[in-house]
Amino acid sequence: MAIKLTIWNEYRHEKENPLVSAIYPDGIHAALARGIAPLIDVSITTATLDTPDHGLTETVLGNTDVLIWWGHKAHAEVSDEIVERVHRYVLGGMGLVVLHSGHHSKLFRKLMGTTANLKWREANDKERLWVVAPGHPIVDGIGQYIELEAEEMYGEHFDIPEPETLVFVSWFTGGEVFRSGCCYRRGKGKIFYFRPGHETYPTYKHPDVLRVIANAVGWARPAHSFELEVVPTPPAKPLEVLPPR
Amino acid sequence: MAIKLTIWNEYRHEKENPLVSAIYPDGIHAALARGIAPLIDVSITTATLDTPDHGLTETVLGNTDVLIWWGHKAHAEVSDEIVERVHRYVLGGMGLVVLHSGHHSKLFRKLMGTTANLKWREANDKERLWVVAPGHPIVDGIGQYIELEAEEMYGEHFDIPEPETLVFVSWFTGGEVFRSGCCYRRGKGKIFYFRPGHETYPTYKHPDVLRVIANAVGWARPAHSFELEVVPTPPAKPLEVLPPR
Amino acid sequence: MAIKLTIWNEYRHEKENPLVSAIYPDGIHAALARGIAPLIDVSITTATLDTPDHGLTETVLGNTDVLIWWGHKAHAEVSDEIVERVHRYVLGGMGLVVLHSGHHSKLFRKLMGTTANLKWREANDKERLWVVAPGHPIVDGIGQYIELEAEEMYGEHFDIPEPETLVFVSWFTGGEVFRSGCCYRRGKGKIFYFRPGHETYPTYKHPDVLRVIANAVGWARPAHSFELEVVPTPPAKPLEVLPPR
Amino acid sequence: MAIKLTIWNEYRHEKENPLVSAIYPDGIHAALARGIAPLIDVSITTATLDTPDHGLTETVLGNTDVLIWWGHKAHAEVSDEIVERVHRYVLGGMGLVVLHSGHHSKLFRKLMGTTANLKWREANDKERLWVVAPGHPIVDGIGQYIELEAEEMYGEHFDIPEPETLVFVSWFTGGEVFRSGCCYRRGKGKIFYFRPGHETYPTYKHPDVLRVIANAVGWARPAHSFELEVVPTPPAKPLEVLPPR
């Protein structure tokens, strides 16, 4: 059965910066949709910041198995209410793939509990993402590394909880390294953070990058039809006979 | 050098419920202070909810190596500003020991990124905390298990991230189990969640419980004089020569 | 495409103990095969100790996606050569599901690096396996817990490395707990240890137990067609220009 | 109380290769002893391959809190019996610090359960070890990274179990990365693998490298006076009343 995938994009750079719109004329979300669709059985919805509820209504989220998140310059404009809502769906079982500068989104920081701070530099570093978890479903079809001729640099220390599985570690020309593919579970939901994708580079047209994102969507898919968690308020009945108090 | 320990207590039950004040006439914080002091080299400060800044001023936190947190019925009354402040200190390196119902505190939920929901029952269950990480510094001096004749039951599923180290698993008479001793690192800070300690039981007078809390304080102590994290805003200079753009 | 599943069974108790043969007249392997087949798309081979190569030839292993292992009284009779061979296939990507007393097999101990010692008692304890990782594919279709009216008791401390994901924790009538569902990755292979299944109980006819084993087979399936690891002996050529020595 | 530290060295290169003996005239073990002694309260014993029991008698191990292991070309000459013995002490609680090419020692492979294979190259790569776990006791006194002007390259994929805590990630000039500081617990013992230290470079004279090794010795020290594990053979008596069979 097709995975119900929702791709969320801030969609500002593409409308404001000609350099970016030249690469992604229809937006990063459209490029991702085009790139992923042939690789995995998905039905895709897109959603962007400047629409009601940022496009993330209860109806949309209730019909989402996996959500991809790309944001950068407008993290602060994402409403707290929507962040709470998406957070609730992730804990309930919705998969989440956070891309690149999404590390600083309210959503990712709330899920991690840390600042998610890092070093960065826009200087056309070469990035080489080494696979450190061969055999993991997210690297199916990927060789020993992915090479990106030019990308923004992200460097350690990256302030995140220890990943449950570390899948990629990046090498950069300027001398830095970065944990660039990180798996987590929170509640019933699976989360994958994937580093590459600065808006001024055609990274989301790179076949290996698209392959990894498609694999991550498959990996993060809920194991079963999930339901939102209900707080267990009443006292739990004992399952064994308790002695009289 | 003595560890600078601050014990934070909500301190409401003890003033409102005669059953509790009979056990902890000076408050849970005072009982903890008395119980821990002989076990480890500490200088202890206490702080409670109903004081300015809940007793957790920048000055107090700046002089704290490890913070113990006990709260239950008034989590909502802890100000968001103080939660942000304490959170910042934990990420900066301050150790944190969260006790019992502190699982639902704003602070712990913010650090975990999950609901921290669980099952519960007040019915005098016996609790037996089994050591599953022998050799860990937190169980120094503890046998194979700790037995508490009567306690509140906490049962799985406990909605927390996978612990980095699971130290205790509890057995309850009524048929439940619980991950009752859980280690995490967030930022530069170490966090230990320890389950026992419902206010209507004399749990914080039990020598093994006090031993574990004292050990946890030693374990959570910052490795070195810590400093608050500064967001690395400017672009990072390359450490190797970059080719011209 | 059907998962190529090989079920390995020591197959001694069933031939020597009437109590066991009454429950599993064709052997535990046959009962597992019958129970799993309707639940997941598999093509099943079985193999037993008292056949050439214990039934685990290079041909058989080369045609195995996932191997189930049940052994108990004859661990020492499994040849070291076959253990080395199976170990090599696991590191190469073959999934492995180790059941019950398989914890003390040469294979599991070799993969864990520890003794895998534990406490045990045959006394008809009730076992209740609590799900501590809801949302994990291995518990798809399982409720909050699985209840087994009578089983052998296994108790902590269980001498294993910290599981990468802990899926089940067991409660026993006699007062013990046990980490009874444990996920690991070693090399490219995934490993799941699952506790229940003493030979004198009809545990492998319980629908939830079979459901978990079938789920585990699906989870442990190699992400992609795997190849055996080749030791990288020659010096690696640099990917960037090195300065002259 | 001083930590009882035993430094084990293969001690062959230093006697056979003038290049190495020029750097370490008394052996790597002696250089390590000289470098660590001023940094932490230790009483040091050294042991080498070409002595009875490789210097690792029951008496020596019984008086060892932490063992450092350096080996390279003669892994195969370490007797299986001594490997079993040391393994037993690690599981019993003795700390272990494995250096550089010790990754391929029988001991480390036995503890990991994997091949510990990796890529390598001797070509004077610069190595920069980035701290990815700031606040961890092993990086006390270390800045954001350690820089080594020339070292042997070790590259991913490094075939090890997912580290419980990843402390360092290395960058190499030639374009590779490596998980170069890895923490594990096995049984009651703590294990730290630390990458640098090829015999043809003066790495063990570098103050930061020595600082890390000394910190690791402090971290790996047993929490309490440890005893060797005894296999729990007899059935465990129930702690609660069992119903009649």
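Order of writing sets the chain letters: A, B, C and D. Residues in each chain are counted from 1.
As a working rule, a contact is a pair of C-beta atoms (placed from the backbone, for glycine too) under 8 Å apart; a residue touches a chain by one contact, two chains touch by 3 or more.
Since the structure is predicted, the reported quantities are computational estimates derived from the model, not experimental observations.
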| item | value |
| --- | --- |
| Other chains in touch with both subunit A and subunit D | B, C |
| Repeated interface matching C-D, over half of the contact pairs identical, chosen among A-D, A-B or B-D | A-B |
| Residue-number overlap at the subunit B/subunit D interface, same or different (half cut) | same |
| Longest centre-to-centre distance from subunit A, chain (CA-based) | D |
| Averaged-CA centre spacing for the pair subunit C and subunit A, given as whole angstrom | 32 |
| Euclidean distance of C-alpha centroids - subunit B vs subunit C, Å | 36 |
| Residue list for subunit B, restricted to those that touch at least two other chains | 128, 133-134, 155, 162, 164-165, 173, 175-176, 185, 187, 239-240 |
| Overall pattern in which the protein chains touch one another (line/ring/star/complete/other) | complete |
| Contact set on subunit A toward subunit C in their complex | 93, 128, 133-137, 139-141, 164-165, 173, 185, 187-190, 222-224, 226, 239-240 |
| Of all residues in subunit B, those that touch subunit C in their complex | 128, 130-134, 144, 155-158, 162, 165-166, 169-172, 175-177, 179 |
| Of subunit D, residues touching subunit C in the complex | 91, 110-115, 117-125, 153, 155, 159, 161-162, 164, 173-176, 184-187, 229, 231-232, 235-240, 242-243, 245 |
